[in-house]
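In what follows, subunit A forms one complex with subunit B and a second complex with subunit C.
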Partner chain A sequence: MNTYFQALLSGIASGAVYGLIALGLSLQFGVMKIINFAHGSFLMMAMYVSLLACNQWGLHPLASAPVTAAVLFVVGWACQRWLIDGIYRKESSREPIGVLIFTTGLWIFMDYGALLVFGPDSRSVSHSWTNEVVVTGDLIFTYPQIAGCLLAGVVTLALVLFMRHTATGRAIRATGQDREAASVLGIDSQRIYRLSFAIGLGVLGVAGALLLSLYPVNPFVGDIFGMRAFVIVVLGGIGSIAGAFWGGIIVGILESVGSQLIPVTYAEALIFLLFLAVMYFRPRGLFGVENE
Partner chain B sequence: MINRKNFILQAGLAGTLAAMGWGTALAADPVRIGYLIPLSGSAAASIGKDMSRATHLAIKHINESGGIKSMGGAKLELVEVDTRGDPKVAITETERLITREKTPVLLGAFQSGVTFPATAVAEKYSVPWVVDLAAKADITERGFKYVFRPTQVPASANAESMADFVIYANKATGKAAKTVAMVYENTDWGQDMANTLRAKFKAAGMEIVLDEGYPPNSPDLRPLVLKIKGRKPDVVTVTSYAADAVQMHKLLAQMQVNAMGFIGSAAGQIDSQFIPLAGKDITKQVFTTNGWAGYESSITTPFAKKFWDEFVATNKVEPNELSVSAYAAAWVVKDALERAGKAEPQAIRDALAKTRIVGTDLNKLIGYDIVINEKGQNPLKRFVMQQITADGQYRTVWPEALASKSYKLVWPVQAYKP
Partner chain C sequence: MMTGTRSSFSRPWLWVGVAALALAPLIGGSQYLLSIAVITLLYAYLALSWNVLGGIAGQLSLGHAAYFGIGAYTSTWLFVNLGVSPWIGMWGGALLAIGAAVIVGMSCLHLRGAYFALATIATSMVLKTLVENADQLLGGPRGMEVTLLRDAPWQFQHTRKEFYYVIALVFTGVALFVNHRILRSRFGYYLAAVRNDQEAALALGVPTTRYKLMAAMISAGMTALGGTFYAQFVLYISPDKVFGANLSVVIAVVCIIGGRGTLWGPVLGALLLLPGEELARAMTGGMVGMDMMLYGLLLMLVIHYEPQGLMAILRRLWRRRAVPGAKEVTP
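Coming up: the complex of A and B.
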C-alpha cells in the first residue's frame, strides 16, 4: 500500500514539473495560436543556462532559477521580435503554418547547435543538495522533488493571478480571444505577442532550472520532455494555464502509479492512450473552455 | 615567398627523391576504412566518442609502425561517419561508403540495433565489415559471409557472467541471494541480455521478483525504481547505457533500495561518465561485468603501455573495455590487410575469415586470443566481474584467477543510509 502512496506523491511531484514545462507552450498557443515546436529545445537551453550558473558562478540550483528565467525571458522577447514576428505578420490573414515550420527548423538548429557547443555528453549539476532526502515513515522524497512541486505550484498560481487581475494579463487574454477586437480597444498586439512569448519562455526557464536537479542535460534532452509537454497541453486544454498544470499532474500520476500496476512501457503507452481519448471525446481538453 | 632556407630544403628534398628513383610515384595509396560510430544523439554518443578516439589512436599507431608492409607501407585512413545511433542513417551511410567512397572494408558501429541492419547492406555489396562491439547474437548467426566479430561475443556471454558471478558470490561468502529484480532497456540488446539472465537465474534456483524492460531515455525512472523497492529483491541487475544507468543508480540510492548487490552489464556502468555524473557515494560497491580486466591485469607489455599512456594523455580518461575493443578491432583490420596484400573487398574478406591472432602483445592487452570461426565470430572472449571502490576505481573480483590482489569483494554491499 505504501508503495502506491509513495508512487502517487512522487507522481504529483514529477507531474507538477511536467506541467510547468508545458505551461509556456500553452500560453503561447492560447495567445498567438501558434504551436512552438522548438519548446523542448528552449527547455534544453534553459537547463544549460542553469548548469552554467550553478557550475561557473557556484549558485545553488534553486538560486539559478530566477537567473535562468530572466535569460529565457530576454531570449523569448528577442526571438519573437526578430524571428517570429516577421513571419507571423505575413500570415496574419491565414493560419500561421509558416511559424510552425519555422519553429520546427529552429528546434533542429538549436539541438545541433548545442551539440556543437556543449558536445554530446550528459551533464548534471554537482551539488549534494540534489541527492539529499527527506524521510517520513516509509516515504522518501528528495529536496529537488519537493522544491520542484512547490515552486511549480507557486509559479502557476502567480501566472493565473497575473492573467486575471492585472491590466497586462487581461490584455493578453483579450488578444488571445479576439485580436481584431483587442486592437480596436487600443491594445498593441505586437507588444502582447512579444510579452506572452517572453513570459512563456521565462516560466520555462524556472522549469529548466528545477528539472536540472532531477535529470541531466544533453543537447537532445528537449525531445524527451518536449513531446511530453505537447501531450500535457492537449490533455489540459490548449491555452489554459491551470489546465497545463493539472494536465501535468495527471500525466505524472498516470506514469508513476500506472507503472506499479503494469509494465512501465505500457504505462508510457497509457499516457498516449489517454491523449488520444481526450482528442477524440473532448478535443478542447479536460480543463479547456469551450471556444466561442 | 621562397626564402633561402626553404630553397635549400626543397632542392635537397628533390635531390633525395630523385636519388631514390621517383619516390613519390612509388608511395602506396592509403587504404581507406569506412568507420561508422555514434557521435551524437544522446544515449550512446559518449561511448561512441570514447571508441572513436581509440580507433583513431590505433590507426595512428599502425601508420607510425610502417603501415601495411605487404602493400608497400600503405597508410590507413579512416572515413568516419556519425550514425547518430540511428539505423536509418547507418544504412544510407553504409551504402554511401561502399558506392561513393569505395571503402574496401568497414568498421563499427558499436550499437546492436544499428550494426544489425547496416551489416546487411555490406553483405549485399560483398564488402567485409569488422564489428567492434555490437553484442546481438544474430549479427553472426545469419549465415553472412562478410561480417566478422573479433572483439565481442554475443550478449549471452556477458549475461552468463553476471549470473555466474552471483552463484559464485553466494557460495564463496555463504550469504546467499535468493531473489532477483531484472531491469533492462527495451531494445534488442536489453532483451537479449534479459533472456539469458532469466534462464540462468531460474536454473540456479533463484526467484525472479521483477522482470521489466523500460523505454530508454525515459523522462522519469522513479516509478520503476519504486517498483524495484516494493519487490524487495536481493540482487538488482541493471542493463542500461550511461544516461539511464546514472539516473537508475542515483534513484536506487535516494529511494534506499537495499539489496545485497547491484550488477550492471558492461555498458552504462563502465562508461567514463558514470562515476563523475552519479558521484562516488552512489557508485561505490556497484558491480559491473567488464569485457576487459583493467590496468592491473592487462597493461604488461610496452605495446599495451603505449596505448594506455597515449590514450590517457590525449583524452584525460582511462581506457575501458569499449576503447580497448575499438583499438583492437582496428588492429584486426590491419592484420587482415597485411595478409590480403591488396585493398580489395574479396581479398580482405578471405583474409579476415582466416584470422588467427594468438599470444601476441595485442592478445595480452585485450586478455583473450582471436580465432575467427566459420560464422565470423571469435568465441574466445570472456567477461570478468568488477566492483567500484569508494574512490571510483574498478577492481576485478571474479573470476578468482583474475581477481585484484589489492581489493576484496564486498558482498553483501553496505545499505544505503539516509
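Coming up: the complex of A and C.
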C-alpha cells in the first residue's frame, strides 16, 4: 500500500512541474489560438540557461529560477515581436497554420543548434542539494521534488491571481475571448500578444530550472516534455491555467502510479489513452469553458 | 483557387515537361542521386496523400505516421512471417489503415482545428507505444528487418535504385491523379466547403462528418501504401522511424510549405524541402546538426515570406505577368 502512496505523492510532485511546463503553452494557445511547436525547445533552452547559471556561476538550483525566468521572458517578448507577429498578422483571419510551421522550423533549428553548441551528452546540475532527502515514516522525498511542487503551486496561483485581479490580466483574457471587441475597448492586442508570449516563456523558465534538478538536460529533452505539455494543455482545457496545472498533476500521477502496475512504457500509452478518452467525451478538456 | 490547378492539369506542354524532368534521373543519374530522388518522390506522394484530408478538406492531421507505420508493419510482417509478397501485403496494410482512420475519425473528426491536430498526434503516439511494447510480434523498439532477397521485383525488391524510382514515379502519378479527380468532383467541392466554413456547409445540407471521414479513409489508405514502399526501399523499420511524431509533422509540413489544397503544392514542397535537406548536409559536411539547423531556417523563411505556401508565391508571380493588376483570389 505504501509503495502506491509514495508513488501517488511522487506523481503529484513531478506532475506539478509538468503542469508548470504546460502553463505557458496554455496561455499562448488560449490568447492567440496558436500551436507553438517550439515550446519543448524553449524548455530545453531554459534548462541550459539554468545549467550555466548553476554550474558556471555556482548559483543554487532554486536561485537560478528567477534568472532563467527573466532570460526566457525577454526571449519570449523578442520572439513574438520580431518573428511571430508578422506571420500571425498575415493570416489572423484564418487558422494560424503559418505559426505552426514556423515554430516547427524554430523547434528543429533550436534543437540542432543546441546539439551543435552543447553536444549530444546529457548533463545534470552538480549541486548536493538535488540528492538530499526528507524521510517521514516510510515515505522518502528529495528536496527538488518538494521545492518543485511548492514553487509550481505558488507560480500557478500567482498567475491565476494576476489574470483575475489585475487590469493587464483582464486585458489578456479579454483579448483571448474576443480580439475585435477588446480592440474596440482600446486594448492594444499586439502588446497583449507579446506580453502573453513573454509571460508564457517566463513561467517556462521557472519550470525549466525546477526540472533540471529532477531530470538531466540534452538537446532533445524538449521533445519528450513538449509533446507531453500539448497533451496536458488539451486535457486540462485550452486556455485554462488551473486546467493546465491539474492536467499536469493527473499526468504525473498516472505515470507514477501506472508504472507500479504495468511496464513503464505502457504507462506512457495510458496518458495518451486518457487524453483520447477526454477528447471524445469532453472536447473542451476537463476544465475548458464552452465559449469560442 | 482551384480553377488554376484544374486548367494546368490539362495543358499538354506542362505534362511533357514534367514527364521529361521525371524521367531524366533514369538516364544520367548516379545511384546516390537516384536515392535522393526516390525519397523526394516518396515525400511528394505522402504529401499528396495528406493533402486529401489536410489540404482539400482542411483537417490538420498531425498523426499520419500512424497510417504510414501500419502500412510498413503490416506488409513487412506478412512478408517476413508468411512470405506474402509486399505487392499483395500492401493492400492489407491499406485496409488496416482505412479501418484505423474510421476509428480515429469517429473519435476525433468532431474536433476543430488545433484540437483535431493534437488529438491525431496523441493517437499516433498511442499506436507507437503499443508497437514498441509488442516484442514478440513486431520486434518491439528494435523494429523489423525485411528479408533480403536482392533482385526480386515480384517481391518488391531490387538492388538497383531505378526500380524504386520508377515505382515512386508511378505512385506519385497516381496520387496526383487521385487529387486531381477529387479537386474537380462534387466530393471535392463539398470538402472545400467544409474547409472554408463548416457551419455554412452544414447549414446547406452537406453531410460534413461523412465527407470528412471519406477523405480521412482515402488519405490513410494512400499513406499506408507509402509505408510499404518505404519498408521495401530501406529494408528496415522501427517504431521510431515509421510511427514517430516527427514523420507526421514532416509530411504535413511538406504539403503546407508547397501549398495545401492545391494539386501541385505537395510536389513542390517535396522538391524544395528534401533535396534542400540533402544539399544542406552536403554543404555543411561533417558538422553534426548544422544541416538540420539550415533546414529549420528554410522552413521559417518560406513561412515568413508566404504562409500560404510556395504555390501562392508562384501564382502571384504568374498573375502579375499574365494579367497586370488582377486581384489575388484567396481561398
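Quick note on the criterion: the second predicted complex is superposed on the first by the 291 of 292 C-alpha atoms of A that agree within 3 Å, B and C clash if a C-alpha of one lies under 4 Å from a C-alpha of the other, contacts with A are read in each partner's own complex, and residues count from 1 in each chain.
Here is the rule we go by: a contact is a pair of C-beta atoms (placed from the backbone, for glycine too) under 8 Å apart; a residue touches a chain by one contact, two chains touch by 3 or more.
Please read all numbers here as calculations on a predicted model, not as lab measurements.
Asker: With the two complexes superposed on chain A, say which partner A:V231 touches: subunit B (first), subunit C (second), both, or neither.
Answerer: After superposition on chain A, A:V231 lies in contact with subunit C alone.
Asker: Of the partners subunit B and subunit C, which touch A:N131 in the superposed model: first, second, both, neither?
Answerer: So A:N131 only meets subunit B here.
Asker: Does subunit B (first) or subunit C (second) touch A:Y215, or do both, or does neither?
Answerer: Touch status of A:Y215: first partner only.
Asker: For A:G105, decide between first (touching subunit B), second (touching subunit C), both and neither.
Answerer: second
Asker: With both complexes overlaid on chain A, does A:L115 touch subunit B (first), subunit C (second), both or neither?
Answerer: both
Asker: One more residue to check, A:T265. First (subunit B), second (subunit C), both or neither?
Answerer: Touch status of A:T265: both partners.
Asker: Touching A:T168, do we find subunit B (first), subunit C (second), both, or neither?
Answerer: neither
Asker: Name the contact category of A:T3: first (subunit B only), second (subunit C only), both, or neither.
Answerer: After superposing on A, A:T3 lies in contact with subunit B but is clear of subunit C.
Asker: Thinking of the overlay built on chain A, is A:S14 touched by subunit B (first), by subunit C (second), by both, or by neither?
Answerer: Only subunit B; A:S14 stays clear of subunit C.
Asker: Which parts of subunit A are touched by subunit B and by subunit C alike?
Answerer: Correct list for subunit A: 112, 115, 120, 219, 263, 265, 268.
Asker: Please name which positions on subunit C make contact with subunit A in the complex.
Answerer: Spelled out, the residues of subunit C in touch with subunit A are 60, 107-108, 110-111, 113-115, 117-119, 121-123, 125-126, 129-130, 132-133, 245, 249, 253, 256-257, 260, 287-293, 295-300, 303-304, 307-308.
Asker: Quick one: in the complex, what on subunit B touches subunit A?
Answerer: 39-42, 45-46, 48-49, 186, 212-215, 217-220, 222-224, 226-227, 229-230, 242-243, 246-247, 250, 253-256, 273, 277, 279, 281-282, 418
Asker: Across the complex, what residues on subunit A touch subunit C?
Answerer: Going by the criterion above, the answer is residues 29, 33, 35, 37, 83, 86-87, 90-91, 95, 97-98, 100-102, 104-113, 115-116, 120, 219, 223, 227, 230-231, 233-234, 238, 263, 265-266, 268-269, 272-273, 275-276, 279-280, 283.
Asker: Using the touch definition from the top, list the residues of subunit A that touch subunit B in their complex.
Answerer: Spelled out, the residues of subunit A in touch with subunit B are 3, 6-7, 10-11, 14, 18, 112, 115, 119-124, 126, 131, 133, 135, 140, 142, 214-216, 218-221, 224-225, 228, 252, 255-260, 263-265, 267-268.
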